[in-house]
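Input: structures, listed below.
After this come two complexes, each holding chain A, first together with chain B and then together with chain C.
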Partner chain A sequence: MNERAQLLLSLADDELILGWRNSEWTGIAPFLEEDVAFSSIAQNEIGHARALYELAARELGTDADALAFDRPLEEYRSAPLVELRRLEWARTIARHWLYETADAIRLDALKESDDEELAGIAAKIDREEVYHRIHAEMWIDRLLGTDEGRGRLDEALDELWPYALGVLDDALRPELVRRVEAKLGRAMQEVAPIARGRHEAELAELHEEMTMVRRSAPAGARW
Partner chain B sequence: MSAAPEERGARLKPRPRARLEVDSVWRALAEIPDPEIPVISIVDLGVVADVRVAGNRVEVDFTPTFMGCPALDTMRHQMEDAVRGLGAEPVVHVVLDDSWSTDRITPEGREKLRDAGFAPPAPRSAGAPTLLQLERGPFGCPWCGSTDTRLDNVFGPTPCRSLRYCNACRQPFEQFKTI
Partner chain C sequence: MTAVYEVFRRERAGSAMQHAGSIVAPDERFAEIYAREQYGRRGESDALWLVPREAVNEIEEFVDEFDLKYRRVDGYSIKERLKEARERAGAAPAQPGG
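This part shows the complex of A and B:
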């Protein structure tokens, strides 16, 4: 598989898996506004995944659904950060903000790419991601506003920090450190990134659930 | 002596149909309502970027709004049907760059949205939106026109809308996001 297809699949897999994880809050978020927000963010992420899979599919001679749902778990290129199942609010917000911050850095780099198609799609995705970042930052500000919020957020951020670094390639990591430290007003630990190439144990259950419909109708269901 | 070959050929051809004009395609597309907000047409929405007619083939460049919008497939199929309705063969190209923004909604489209109770998007001229702008900006209520409104939720019933509340007439309303 060429480098371009690998990059497209990494981006698409991140958005698909995170979209799925975000949708796990639908109906059970702490309050109604967050049900709506996380469902909407999930919908956007899965929309981005679809467009990216379509580009990758052209490269690989297949289609978007096959890439999203027919690959064995080991072939997914998602970052471990998005695979974690974290149905706890501080950790959800920590993951949301760390991912959106890392994703913004990655999209900025892609928008400058010589590959016009990739630069165009990155710019389009970024128009929507602005709202995810606004939402995430609003929550970071809110949690930083009380001692309890700050304490729980800090704990979650420290736990997820090696995973957050793992979303980006080496070259882009210093910018993530800079942005995160600037927002929090504290230094982050120097840790080894948990990068893509391995999977979290809890991805297995998600993969099983996500691919169930395709497996039940191998000839292709029509809706 | 029989007719010259060209003449004979001409007689065998089907009755010539009026050549399809680009304008008639635009008019047909302008009849298609947005699947989720039917007060506005897809042409008002600005998602038809270009129309080209080559003989019996009509090419439409379609710039989607939000990428996860479930209405996109419906819009594409409706465009294809509209072109077929004109007796032509449709080719809809989905353009996945950032050429669509909410600034592409036409002035008529913005008025139709406001009349239906949706606050049209703020112009993007000031750049990408920020939280400060969403919280402090002068967003007008589509019901009473007051700008004494507050942000209730960045997200709403569909990806393209936020929820706001008007302090003057005490009505919630849906605000189109600027993208």
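This part shows the complex of A and C:
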């Protein structure tokens, strides 16, 4: 598989898995308005995944559904950060903000790409991500505003930090450190990134659930 | 901690703003995101107004002591008068050819 297809699949897998994880809050988010907003963000992420899979599918001579649902677990290129199942709100918000911050850096770099198609889709995705970032940042500001919020957020951020570093490659990582430290007004620990290439145990369960309908349908079934 | 915001939405430029519903949010930034997601994500709105409920000046008392029904938008009922007129007519039927 060429580098372009690998890159597209990494991006698409991140968005699909995170979209799925965020959708696990549907119906049980802390309050109704947040439930609707967070579910909508989850849907957007899955929409981005679809667009990215379609580009990758053209390159690989297959289709988006096959890439999303027919690959064996080991072939997914998602970052471990998005695979974690965190049914606790402070960690969910911490992951959401860390991911959106890393994703913004990655999209900025892609928008500058010589590959016009890639630059175009990055710009298109980024126009929607703006609202995800506003959502994530206002939550961070809110949590930083009280001692209890700050304490819980800091704990979650420290725990997820090596995972967040793993979303980006070596070249883009320093920018993530800069942005995160600037927002929090504190230094983050220097730790080894938990990079893509290995998977969290929780992903197996999600993969099973995510591919269930596809596996149960006869080949070529149309919906 | 939280406040209620009344949301008004406009379907297309040139139409009137109409009350869409209300949302509960911790502050205006949250309210904006929530309003976008609840009343704008399906392309159903071309503009939204967000108004803190406390900014709304509510009036809910209307006096009509002298029964000036004819000023109402739905006019006034002639049912009773028609009934009375029919009774009068029935009591004194019109004469044939009269």
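Note that in this section the second predicted complex is superposed on the first by the 220 of 223 C-alpha atoms of A that agree within 3 Å, B and C clash if a C-alpha of one lies under 4 Å from a C-alpha of the other, contacts with A are read in each partner's own complex, and residues count from 1 in each chain.
The rule is short, and it goes like this: a residue touches a chain if its C-beta (ideal position, glycine included) is under 8 Å from a C-beta of that chain, and two chains touch if they have at least 3 such contacts.
None of the values given here were measured: they were computed from a predicted structure.
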Room on chain A for both chain B and chain C (clash or fit): clash
Touching partner for A:M138 - first (chain B), second (chain C), both, neither: both
Partner chain in contact with A:F31 - chain B first, chain C second, else both or neither: second
Touching partner for A:P162 - first (chain B), second (chain C), both, neither: neither
Partner with the higher number of touched chain A residues, chain C or chain B: B
Which of chain B and chain C A:S40 touches, first, second, both or neither: both
Which superposed partner A:A51 touches (first chain B, second chain C, both, neither): first
First, second, both or neither for A:A123, with chain B first and chain C second: first
Steric overlap of chain B with chain C in the superposed model, located at which of 21-29, 75-83, 93-101 or 111-119: 111-119
Overlap of chain C and chain B interfaces on chain A (superposed complexes): 33, 36-37, 40-41, 131, 134-135, 138
Chain A partner contacts - residues on chain B that touch it in the complex: 66-69, 96-101, 128-131, 134, 152-159, 163, 177, 179
Touch list for chain A against partner chain C, complex: 31-34, 36-37, 40-41, 131, 134-135, 138, 142
Contact set on chain C toward chain A in their complex: 23-27, 29-30, 33-34, 36-38, 41
Of all residues in chain A, those that touch chain B in their complex: 33, 36-37, 39-41, 43-48, 50-51, 54-55, 116-117, 120-121, 123-128, 130-131, 134-135, 137-138
